[in-house]
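Order of writing sets the chain letters: A, B, C, D, E, F, G and H. Residues in each chain are counted from 1.
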Amino acid sequence: AQDREASAQSSSPVIAAFKVFQQELDTKHDKHERLVKISRDVTIESKRTIFLLHRVTSVPNAEDILNEAELKLDAVRQKIGQIAEELRGEDIFQFHRAFTGGIQEYVEAASFLHYIRHRSLISLEEINARLVFMKSEKEDSEGPADTLQPGGQVLTFQVSPSDYLLGVADLTGELMRMCISSVGNGDIDTPFQLSQFLRQIHDGFSYIGNTGPYEVSKKLHVLRQSLGKVEDACYALRVRGSEIPKHMLADVFSSRTTHMEPEEGVV
Amino acid sequence: MSVTEMFSHIQGFLSADQDIREDIRKVVQMLEQTAREILTVLQSVHQPSGFKEIPSKCARARELFCTVRTTIADLKTKFPMEQYYRFHEHWRFVLQRLVFLATFVVYLETEALVIREEVAKILGIEVVREKGFHLDVEDYLAGVLIMASELSRLAVNSVTSGDYTRPLRISNFINELDSGFRLLNLKNDPLRKRYDGLKYDVKKIEEVVYDLSIRGLTKEAETSGGDK
Amino acid sequence: MSVTEMFSHIQGFLSADQDIREDIRKVVQMLEQTAREILTVLQSVHQPSGFKEIPSKCARARELFCTVRTTIADLKTKFPMEQYYRFHEHWRFVLQRLVFLATFVVYLETEALVIREEVAKILGIEVVREKGFHLDVEDYLAGVLIMASELSRLAVNSVTSGDYTRPLRISNFINELDSGFRLLNLKNDPLRKRYDGLKYDVKKIEEVVYDLSIRGLTKEAETSGGDK
Amino acid sequence: MSVTEMFSHIQGFLSADQDIREDIRKVVQMLEQTAREILTVLQSVHQPSGFKEIPSKCARARELFCTVRTTIADLKTKFPMEQYYRFHEHWRFVLQRLVFLATFVVYLETEALVIREEVAKILGIEVVREKGFHLDVEDYLAGVLIMASELSRLAVNSVTSGDYTRPLRISNFINELDSGFRLLNLKNDPLRKRYDGLKYDVKKIEEVVYDLSIRGLTKEAETSGGDK
Amino acid sequence: MSVTEMFSHIQGFLSADQDIREDIRKVVQMLEQTAREILTVLQSVHQPSGFKEIPSKCARARELFCTVRTTIADLKTKFPMEQYYRFHEHWRFVLQRLVFLATFVVYLETEALVIREEVAKILGIEVVREKGFHLDVEDYLAGVLIMASELSRLAVNSVTSGDYTRPLRISNFINELDSGFRLLNLKNDPLRKRYDGLKYDVKKIEEVVYDLSIRGLTKEAETSGGDK
Amino acid sequence: AQDREASAQSSSPVIAAFKVFQQELDTKHDKHERLVKISRDVTIESKRTIFLLHRVTSVPNAEDILNEAELKLDAVRQKIGQIAEELRGEDIFQFHRAFTGGIQEYVEAASFLHYIRHRSLISLEEINARLVFMKSEKEDSEGPADTLQPGGQVLTFQVSPSDYLLGVADLTGELMRMCISSVGNGDIDTPFQLSQFLRQIHDGFSYIGNTGPYEVSKKLHVLRQSLGKVEDACYALRVRGSEIPKHMLADVFSSRTTHMEPEEGVV
Amino acid sequence: MSVTEMFSHIQGFLSADQDIREDIRKVVQMLEQTAREILTVLQSVHQPSGFKEIPSKCARARELFCTVRTTIADLKTKFPMEQYYRFHEHWRFVLQRLVFLATFVVYLETEALVIREEVAKILGIEVVREKGFHLDVEDYLAGVLIMASELSRLAVNSVTSGDYTRPLRISNFINELDSGFRLLNLKNDPLRKRYDGLKYDVKKIEEVVYDLSIRGLTKEAETSGGDK
Amino acid sequence: MSVTEMFSHIQGFLSADQDIREDIRKVVQMLEQTAREILTVLQSVHQPSGFKEIPSKCARARELFCTVRTTIADLKTKFPMEQYYRFHEHWRFVLQRLVFLATFVVYLETEALVIREEVAKILGIEVVREKGFHLDVEDYLAGVLIMASELSRLAVNSVTSGDYTRPLRISNFINELDSGFRLLNLKNDPLRKRYDGLKYDVKKIEEVVYDLSIRGLTKEAETSGGDK
């Protein structure tokens, strides 16, 4: 009986075909697993970068923090490079579910850094421009990529418009947090700037409405809440500021800082 | 009639129905598109610079309502009118949005509640069910409640923009609305739920008025001569 | 018109609507009661002793359908007919049950599929929407599918009662039904789901016929002279 | 580039995407229609009279597969090929049905499992992803499993039609399939679930063979010379 | 060992576990009762008359913390210490409340943040997990954040009571806390959420300081000589 | 201003304390992440082992498969050893959520293998007895563990009763699958054995009822369905078997096998 | 007794129960209507002009409570009193609303908390369960908490209306309430949740008092001669 | 009475209530434990060897019902009887389980439906509400429906154990039950849902009888002399 099975397994074309399928399925599954793991790392490091960036409102040496964040994001981009490596020659949508979470979080972090630096929304193209990787030669170099470095090979990762939108939707939550911190730190310009910027993003999302992917519509509610909080903060600044002439307002806030300084040595 | 003939016959009915729904969906998508454009136009009133532009923005919105009327006119041709409620679900959502936009435009222009008849006219539809494509009471009320929520946001942003009289006017308006709604014996679940939200809008606006009062900003507004 | 007047006016609309729904609900409850009685009458065909009584049970069911017609006639008076779809949800469920019962009675009597026109006549309603309270295609089909499921049970119980020819006839009938449904391009979710259940009924009945075949019980039936 | 411009830009992407999806949906509906027609043609093999007609029915099905190929050729033009998996969900269901129909036709013709390459050819598509619109392993396997379930029904109905050898051949075929599937490490939920169903098909067919065995009907078949 | 025996055996584990949980719940209820009493004592600082009584109220609270220590000592006997996290959920909530109360008492006494070691001592527990029933970092931080929120209320009520210097001191304290929290990479959801609330406390206190500043009340406070 | 922040950061005891917290939190989080990843691997490999074990009903050389499964589970146990390594000196319940999924799947696989070998339910103690690991020395050897190997150190992993129960609850699903396959393969003893065994497990779970953890009660419904399927299968076997005398039954099934053999070469 | 007889007998029980519930529902609807009317009367105190009218509004509300008593008297006749909790869910919601309205009226009249006995008298019901239709502790407390939330709104609107002393009195009242609730060991989920909301009302009112303090408006109030 | 006194007073009420609930919960847990033990005893009838032991198992179950009666007697002392419905939720679930177990025992003993009065006696409780702790109609019916589902499992396992007559008797019994339930006009949602499950039990048992019929096993049973 044993040889029956053995012979069946070896001779049957059905069994032979299924052995091929087995390999194909396992390969795909393993790749999916690897992508999930890299994506988790991308998520964690992006979140840490965002946390770091929030310190920018409270410290004087903002540039140091921005540089540190830039370094962290470089590391994240290296991870995304690994994703791109895994996806080389694949249909990326086949594995999209495995890495979309990480990519959205990266967009959130990168766009947050960009906003703090430039007070503007990073575009999808700008995001993607940073996701070009050099790959030192290995195996066959498929096609003559216009290499900057001989023997190297260019590898790109393209963030999809949906992932970009979902990342930007989450960004608004961080902007709201930043606005509230700014108020707490006596910064009166940032909140108004942020409210304008958030309103633009909000109007943008309502323009897109339900024509975007389903997950975007789901995030709209949170976005609206964030906008509400920022508008309330600006309102509060205005209402309180109304009690004294405008030109005195800045003084009041800056005096706070000077007022505090002597005490700091004590604490 | 054989079973096959019978089912072929029935397939005729089903296809006709599906075609109607497909047609309706397409027109409704266009309505949604225009509604979103009107919304984008009107959202700008929340911007600091937006108040001066209210007249021009309203004018622009009014233009877009022409498109709405044309599209709804098209929608009417897509199904037999006595089957309004058969297909109601398809346009109910966008219709409520459009009511909101229409009542909001009129509020921005006149600071008054526009009645159902007037909204129907803006949308190019009927009030009386028997006359054709009409504006259901529930849909009208739902749209009005969306506007109330938008007004609470407007009250906040008015102050940010330095307009201290508008919140008081909004407060009076909203209180009147609230009394009106209290007359209704609402059973209908989604409408009832929306109405429960009105309480928060009322409270929010009252707090804005409070903030202005305690700083004497309401008086200032009065003495400096209201713009209205 | 003041806001208060407007809302009082609107309350009138809302109350009227609620009254109508209350009235409809009461009549629908009576329909459900009668439907349950008809079902109890017809259930006896599944009992071993039940086959001989089919004619008398069908006659009894036919009588009860008189009550159904009277009650539906009453239902028609409760709302303006052009708003059929506004209140459709209230009677949809019981109407499908009634279609099932009507098609089942006729099947038991004639072993044929009764067409929609005929079902409508049994229920005392229209087929053409424009003529009044009518039988929707979807509701008709839903009722037919409930019957198909009842027939698979009947096939099983026929064997228990020693009737070996009936399952074959049921099998042919159900196969024809299945072909019919395959002509339809079903989009509508609940109907589609019900139709997916038909597959299981087809399979179940085929297995009954198989059980008879492999034991040579179908031939026995043939030779012993069909009771039909 | 302003925020507004950027969102318009993105909206461009989204609209394009939606247009593609709309186009795909239409073509997929046509595929579904054809698939349903092929199914109706092939269903007749379950009828007592159907066995003799297998060759002609298969020929007819083959003709309809021409339509399938044309429609799929059309489908291919609707989106960039390297984004196959972006839109996969739209045609996955119908593609699996078509694989089932193709494998079923070939089984009826040759009583063998048609390999993926061959199915791909029947559907006019590729096997290797890089080459264009292709047949996924999972989709191929899903289609094969649907066929397995159809075969269990065929085994039952063969007996009803008096063909006692076919169930044995089906049993061997299904057992081989089952051995093949056991080699796979399925994680993918829907495929795993379908595969679990295969066990029931195996069981069902085994029961048929058993029923034939204990009645000595398998030997009878052997001696009386298979009709194939 | 038979299956039945094995399940009885496992059931033994489960019952033991449930008994432990029942015991823990009872002790935790006592802790909650004491925590509520401490809170009632400390709440009086928000009253206009409450500021002078701070020392006596703190002393009273300190006494109640003796009860807390006794109760926690009892709690420790209810389960094996190395399974702290197995039952953590039961006391996590009240432990955070107690941390809040302890940090609040110490703040009222010294206007400084009490370190984790000190809080642990007040509660009669450890800091290092290996040593026994300990105070988790997260629980310590959560308690500190509850206190921050209480301080924002205290800043508001200080002004009402005519104490214009306290808000400034609170503001400095809270700012330092905020800087500390910014150093943390919070992933843990509930703590992160609580921390987001800190921003609102910072903002609220900032507003109080601002209100005092623009009225020159902060200087007044300085010149009139701080009461501390 | 820059030095203000700098000095504040260095001098403030609050900041100093928070720097310690940061480290503590990051360490904990990183460990959690590592455990999640190992647990995923444990899950995947356990699932593959289960899949492999299902082939046992269809092949003649069952022992080969059992040995292969044993090897796979050895690899899984190595992974669990890594979990134990991570948990060395920790309160394992602190990280329980990170690895419970993998452990449950391992219990499912190990108990499945055990059932096939011994036709009995593996006990919690037997499970745990296999989770003892040798660790070659590293750092300080904490306490004199009774080492079998000089310089080595014993590390154990204890599966909790809940995880054991949850794994066994899932096992019932696999047993049901096995029962159905057996029927399909003409094996008439296994289904009846399985139905008895499953009934015992079912009765055991209903004895525990809602006194166990919440997740167990949730799985009871699926367990009941599985039992129903197995009972139906036994019923079908009996009903069909009723048509011929019992002693002939085995012949019918065994004849099937012989009947098939000649054809196999052809296919 | 046959199974049929038994079930007929049981049907009697079920029908009786359903009839009772139907009757209760109708009376409860009338109570809700009156409650809404009382609310509309009392809402006017939030209007700038409303403060002078408090006495007349309270008198009007007191009249409407006569209707409430009559309706509740009717409600009592609809079911056997010892089954109060069997049907409790039907009137629980409206009863809590009525408690809120009664406590609010009395607060407006006397600025004191009305005890449960007094509320029960206003509603024409009992306090002691054994005596008949009674006011549950939980329902009384729920009503009191709704009033607390209304008072926070009143504090805000008092300032808008220029009454700067009322918020202080409300603040004291609410603080006392809060201390009272802190004595309770609440387990009951919905009540606990409501009580958690009280914290926000306390805070809101404290902030109003703060706003008055920082602007010296509380002193102004004192010197200008308190009305109390 | 001061607010504090009032709340202390109220705390008395709340504590009493919570104590009652705590007491009830403990007794209910004991009932659940016994119910689970009875279930374990009765489950053995599904084992092949279990049929002969039915009498002894029933006797054992009867003994355990003594414990049930004692425990329920204890439960009765925990709260004032007129508040049965106040605490109903606590024991509703276990009471339905006990009804199931009692009806199942009696069915195993006598193969008849035990009436509510008898079940009440087995549980040591009343039928008439006024007399004390009683068995609600709904709870009785729910328990009966659980038994119906257990019987469909028993029918299957009877066959496996070689008892071919029991399924027929079960089928008749279940059909009678089904007719009984059809007399009821069920509104109550959970009961209605359970009843819908009865349909599947009926069908399942019919299929078992079918399987026996087609193999002539029902006759065999008859001729071999029924054990009843």
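As a convention for this text, contacts are C-beta pairs under 8 Å (C-beta built on N, C-alpha and C of every residue); 3 or more make two chains touch, one makes a residue touch a chain.
It should be emphasised that the depicted structure is a prediction, and the values quoted were computed from it without experimental measurement.
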| item | value |
| --- | --- |
| Reaching chain H from chain A through chains that touch each other, fewest steps | 2 |
| Chain pair repeating E-G, as identified from C-D, G-H or B-C when over half of the contact pairs by residue number coincide | C-D |
| Pair of chains joined by more contacts [C-beta pairs], C-D or F-H | F-H |
| Euclidean distance of C-alpha centroids - chain E vs chain F, Å | 42 |
| Geometric centre distance via CA averages, chain G-chain C, whole Å | 51 |
| Centre-of-Cα separation between chain G and chain F, whole angstrom | 56 |
| Length of the line joining the C-alpha centres of chain C and chain H, rounded to whole Å | 34 |
| Chain E, residues touching no fewer than two other chains | 176, 179, 183-187, 211 |
| For chain F, residues contacting two or more additional chains | 8, 12, 14, 29, 44, 203, 207, 243, 264, 267 |
| Contact pairs between chains, per stated definition | A-B, A-D, A-E, A-F, B-C, B-G, C-D, C-H, D-F, E-F, E-G, F-H, G-H |
| Touching residues (chain side chain H, partner chain F) in the complex | 32, 36-37, 39-40, 43-44, 46-48, 153, 156-157, 159-160, 162, 164, 208, 211-212, 215, 217 |
| Of chain D, residues touching chain F in the complex | 112, 168, 172-173, 175-176, 178-179, 182-187, 196, 199-200, 202-203, 205-207, 209-211, 213-214, 218 |
| Chain D - residues contacting chain A, complex | 1-4, 6-11, 13-15, 17-18, 82-86, 88, 113, 115-116, 129-130, 137-138, 141, 176-177, 179-181, 183-188 |
| Touching residues (chain side chain A, partner chain E) in the complex | 44, 47-48, 51, 54-55, 58, 177, 180-181, 183-186, 233, 236, 240, 243-244, 248, 252-253, 255-256, 259-260, 263, 267 |
| List of chain F residues in touch with chain A within their complex | 1-2, 4-8, 11-12, 14, 29, 33, 36-37, 40, 44, 59-61, 261, 264-265, 267 |
